[in-house]
Amino acid sequence: MAIVVTNITRVAPSLVREFAGVGVATVHEAQARKGLLDAVIRPIYRPVHIVGTAVTCEVAPGDNWMIHVAAEQCQPGDILVVTPTSPCTDGYFGDLLATSLRARGVQGLIIDAGVRDIATLTQMQFPVWSRAIHAQGTVKETIANVNTAVICAGALIKPGDLIVADDDGVVVVRRQQVVTVLESVQAREANEENKRKRFENGELGLDVYNMRQRLASKGLTYVDAQDLVNDAKQADSEQ
Amino acid sequence: MAIVVTNITRVAPSLVREFAGVGVATVHEAQARKGLLDAVIRPIYRPVHIVGTAVTCEVAPGDNWMIHVAAEQCQPGDILVVTPTSPCTDGYFGDLLATSLRARGVQGLIIDAGVRDIATLTQMQFPVWSRAIHAQGTVKETIANVNTAVICAGALIKPGDLIVADDDGVVVVRRQQVVTVLESVQAREANEENKRKRFENGELGLDVYNMRQRLASKGLTYVDAQDLVNDAKQADSEQ
Amino acid sequence: MAIVVTNITRVAPSLVREFAGVGVATVHEAQARKGLLDAVIRPIYRPVHIVGTAVTCEVAPGDNWMIHVAAEQCQPGDILVVTPTSPCTDGYFGDLLATSLRARGVQGLIIDAGVRDIATLTQMQFPVWSRAIHAQGTVKETIANVNTAVICAGALIKPGDLIVADDDGVVVVRRQQVVTVLESVQAREANEENKRKRFENGELGLDVYNMRQRLASKGLTYVDAQDLVNDAKQADSEQ
Amino acid sequence: MAIVVTNITRVAPSLVREFAGVGVATVHEAQARKGLLDAVIRPIYRPVHIVGTAVTCEVAPGDNWMIHVAAEQCQPGDILVVTPTSPCTDGYFGDLLATSLRARGVQGLIIDAGVRDIATLTQMQFPVWSRAIHAQGTVKETIANVNTAVICAGALIKPGDLIVADDDGVVVVRRQQVVTVLESVQAREANEENKRKRFENGELGLDVYNMRQRLASKGLTYVDAQDLVNDAKQADSEQ
Amino acid sequence: MAIVVTNITRVAPSLVREFAGVGVATVHEAQARKGLLDAVIRPIYRPVHIVGTAVTCEVAPGDNWMIHVAAEQCQPGDILVVTPTSPCTDGYFGDLLATSLRARGVQGLIIDAGVRDIATLTQMQFPVWSRAIHAQGTVKETIANVNTAVICAGALIKPGDLIVADDDGVVVVRRQQVVTVLESVQAREANEENKRKRFENGELGLDVYNMRQRLASKGLTYVDAQDLVNDAKQADSEQ
Amino acid sequence: MAIVVTNITRVAPSLVREFAGVGVATVHEAQARKGLLDAVIRPIYRPVHIVGTAVTCEVAPGDNWMIHVAAEQCQPGDILVVTPTSPCTDGYFGDLLATSLRARGVQGLIIDAGVRDIATLTQMQFPVWSRAIHAQGTVKETIANVNTAVICAGALIKPGDLIVADDDGVVVVRRQQVVTVLESVQAREANEENKRKRFENGELGLDVYNMRQRLASKGLTYVDAQDLVNDAKQADSEQ
């Protein structure tokens, strides 16, 4: 009743490398504000930034068996994405599994559940984004799917998709859209650099983005604080 | 339908400077335990401590337009206080806005919503207290008020009020009460120093605060653990 | 109506010392996955690791009076465990109380409520695990029990029990079971070291734990991704 | 250190009566979407609808003493608004206090904390909006203010303000603005009735509100589902 | 930048009718425990049960404009599924929109956000499942997609899919799998009826499901309470 | 590794009957405000009130196997208390299990997890208190203990203890203390009846409980609202 899909198609490593250093917020903007995982998924240490290709793994609540199965499907450059089949915050993952994944060249773990041994994981600098930190152990009794499409923290992730994760959170880019998104990222970064300089020089967003007229047309009005005080006093004396 | 109040009256800079290094907990105690923002508002990095005068800014949910409007109202020494008109955890604020605010001398940001680009904000050491960290982007469609009284994270904040923020959270002091609160802070700090020395010397709070008699009069009783065990055995054998 | 139990029996210091450096997750596994406190209890700084004997303290909501009473019952090597009699996130504990406890040799604080002055506590390196960080002050009006059995963050803790706390959370070991748990810890650590080496060498959990046959018997099936694509195309063309 | 303000000015009863049957959502819209309490405040039974004038009451966490003090300040037509000075979900209020308030003509209770005896309160049909239902009892040790301005569930409420509460939640109208808001409510209700009839007749909001042109100018595009399928097949065959 | 997909393919009405009266839990089991929306989505009144075909609608946070656009795409038998593009609990939907949807034959609303006017919605018996009840109003400024695949409360929903919703929550069945799931539902219901009778007759699940041997093989042991007491006494006397 | 304790000692049925109609809040007060379960445990329908003796049952996360084992240990008059060994909100319990328990004379279910089929459970009037309502199914793979001491929703419950549950929540009374608590309940109820009559007659709690002098000694001060307004005007004119 459960399958492991082998031999999945991944985003090409040369494309993945183009996203080195690109922030999650930038990628999210570059693909029309799609693909963010829920904000409850947080890195266990900071700063941290990884990019890689998704290997997906379902797990039963309180049962980490399938992570061992998924490990075999991982290649260098992959990011393991784990999601429980119903909500659970147990500590599915610790330093032994991290040692195993690192030995296979895995970049990090995204898990919509809990992890443990975070002192060691931090010392190893093995990147993990999780919903919880919990020492609670798990069993190995129930099978589930590996490398099928999953919903992880509210985002649809397919095997081979591009994952970018940093201090802000985690975003997924559909494999077929990576080239398009990359172009948008590069345009956006060029544009941002220019804006940053203008802001550093003290220019206001009101002028950088040419907002004043549109604000006025929406009805925004400027009032001097002293006039407000005088109006209030006037109203008071007339009561 | 929305106004920007210009030319607000602020706590005098010389008074603000007196609060340098004063903790949030101390200020909160010094004004009879008022003015704390809800504990969900947390700094994005630690340690951090700022003091400044409030510029207030409402924003629509998922819409950060008014932060650009508020930026123009900021002066050196201000702290920008942003509150959504209904609950929202989107990432309203990132490194470009921080660059703009820093260029204007703003001390930091308090926001009852989300922020992003926190790796860069941390690197810049631009202080931010927020409800969430979320890469989710916002639009620029809806106007709202700047420099009117707002409720931010459950606390009433008026433009020009004093804001103190540190690792513990954020507290507001009403502009008209800053002198009184400062006196109370100074008295309290002198007193605390004395107590700290007594505690370091091994004295107990029971004696430092002279609590023993009042505890006894409330009915507090001391019982030896061994007597409890014996009583239980006795009860057991009599059953 | 409230009692302070004096002269409690504690786990012997020589036994406590055996747990130095042993992680919470390991202890939890070693006693059949019992005794974890709820994952909402988090350390205020990391990394951190302490082991000690419990002195327990009930407090009324918003009232930290009994912590002063409990301080007198603490000995070097103790860990103070504080639990409110109804849910509360106020800042019960700050740097003065930490100074007092440190002067008595207390290892740290576990509290199912809030703490404050965390910048100073961090600077002092006084270990604290709490449910919240909140500057909110407390009063001293209501008495409660010290050194009776308490439920702290969902775990039953008796005075004199062993407490282990680290970056993952907090676990309690019943005083009478410490020797048994220690043996299990030691066996487990020896075993883990061996496994870690095998994982470092690239062996898979599937083989280290000999899982393949049991997975197959549960019905786990391997499918090539390309075959899935072809099947889908076939189904599509037949529609 | 705490005061009870007597003899407060209230919205006139004749004005209050004008709001009979007016929903919270309507009042909120009529005053430019201000004044809503946080959505965590929920009625203990439904349907329910009350309107009245606010008597405000602070309480210490876990301490309901001041509700007895506030009861004396209540008149027929009042609504008691209770807010803890720090977050607390204890059961501050039960059937005895409800009996007392009803005997004084109080319309209902709004409390940013917990209540208990809700079976009896429901049977009495005594309206209560609360953050929690909790049997947890409280003490009577700490004083606090009655009839000062409070922030209750994120909204500023002043004594004598108008409160409207129904199945949707709770809204406050500042005493000085009741007449203006009433006019807006009446205009809005007339307008809504007309719209309801048009919707009942099957007209679309797109036409009732004349939205089609503005949607198109924002870039909204209509696409036939079959064309999407064909495009996808085309793209697939060209790969 | 946003599209409305028209003319979508729906599950056939005759198939939809077969699910009348089938519970969400049964459907969820019948499709291998997939497709449940997150448990935070709750009906505004109970009991309630609907089945229908999904029309999907994205909305910006705090902006209900697209619901009006989606209404035009609805046909008799549809269920409108609304999901915000970032988390929001505002009251997107009230009695006017319900009147409009009912006039078009819509069965009900599933929304991963807030609703209001619930007293009227309940009186109308217009079924709604939502994340929150909140009177907070919304604006009409930002466009988004209608009838594209959405993730609503953690579940992927495509236009035309089958939705079943009752007191337990909401489940989606992929359009292409409805026939298969229906067969499984019918088999399951027949089987359940037989079991219910055996349970009513006092048979135990241990026997109905033939569990005793498997429990024993896992190591489950039965111990008489009196023996445990005697063992403890024995241990105590030997100490 | 897991045990089922048979033949447990229960509170005598004649004693249990004495608690018929006694509310949870009253029992909680009568035993010095101990024994309440966390307020997140709520009844699935209201009004409801049950009293009975606890049969306790641990379950693994996402695994309801042991409920079938526990059913065999239940007698008429029992209440089944189920607690997961780590946090889980899955739907462990539905109408078939309720049918089985009812056939054995069980009064109801207390579960620190989720339940489903609540429409049928409500129709059957089978009382359930749970942390969640969730259709999510569970497996039958992992054994755990029955009739050992458990912590359920933060309260320690031992097999045979008395459980009282109503609209306010759930409270446990230790088996050995039932007689003492009953006496306290009866005294309290007599006292409450007298107070209720005084409140109905319009007497204030201030007088019924003789609070005025103690409030004054704490420093409570009464101020006329008009005097406050005049003071403010005076201060304003002197600025």
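Each chain gets a letter, A, B, C, D, E and F, in the order it is written, and its residues are counted from 1.
In this text, a residue touches a chain if its C-beta (ideal position, glycine included) is under 8 Å from a C-beta of that chain, and two chains touch if they have at least 3 such contacts.
Values in this document were obtained by computation on a predicted structure and should not be read as measured data.
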Which listed pair, B-D, A-C or A-B, shares over half of the residue-numbered contact pairs seen at C-F?
B-D
Chain pair with the higher count of C-beta pairs in contact (B-E, B-C)
B-C
Distance in whole angstrom between the CA centres of subunit B and subunit F is 36
Between the Cα centroids of subunit A and subunit E the separation in whole angstrom comes to 27
Between subunit A and subunit F, the Cα-mean centres are separated in Å by 40
Touching at least two other chains at once: which residues of subunit E meet that condition?
1, 33, 36, 39, 85-87, 89, 134, 136, 142
What chain-chain pairs meet the touch criterion?
A-B, A-C, A-E, A-F, B-C, B-D, B-E, C-D, C-F, D-E, D-F, E-F
Quick check on the complex: what are the subunit F residues that touch subunit C?
1, 32-33, 36, 38-39, 85-87, 151, 154-156
List of subunit A residues in touch with subunit B within their complex
23-25, 28-29, 33, 36, 39, 42, 46-47, 49, 166-169, 171, 192, 195-196, 199-206, 209, 211, 215, 218-226, 228
Counting only contacts in the complex, subunit D reaches subunit C at residues 60-63, 85-90, 134, 136, 139, 141-142
Note: in the complex, subunit A contacts subunit C through residues 1-9, 65, 67-69, 71-72, 89, 91, 94-97, 99-100, 103-104, 114, 116-120, 122-123, 132-137, 140, 142-143, 147, 159
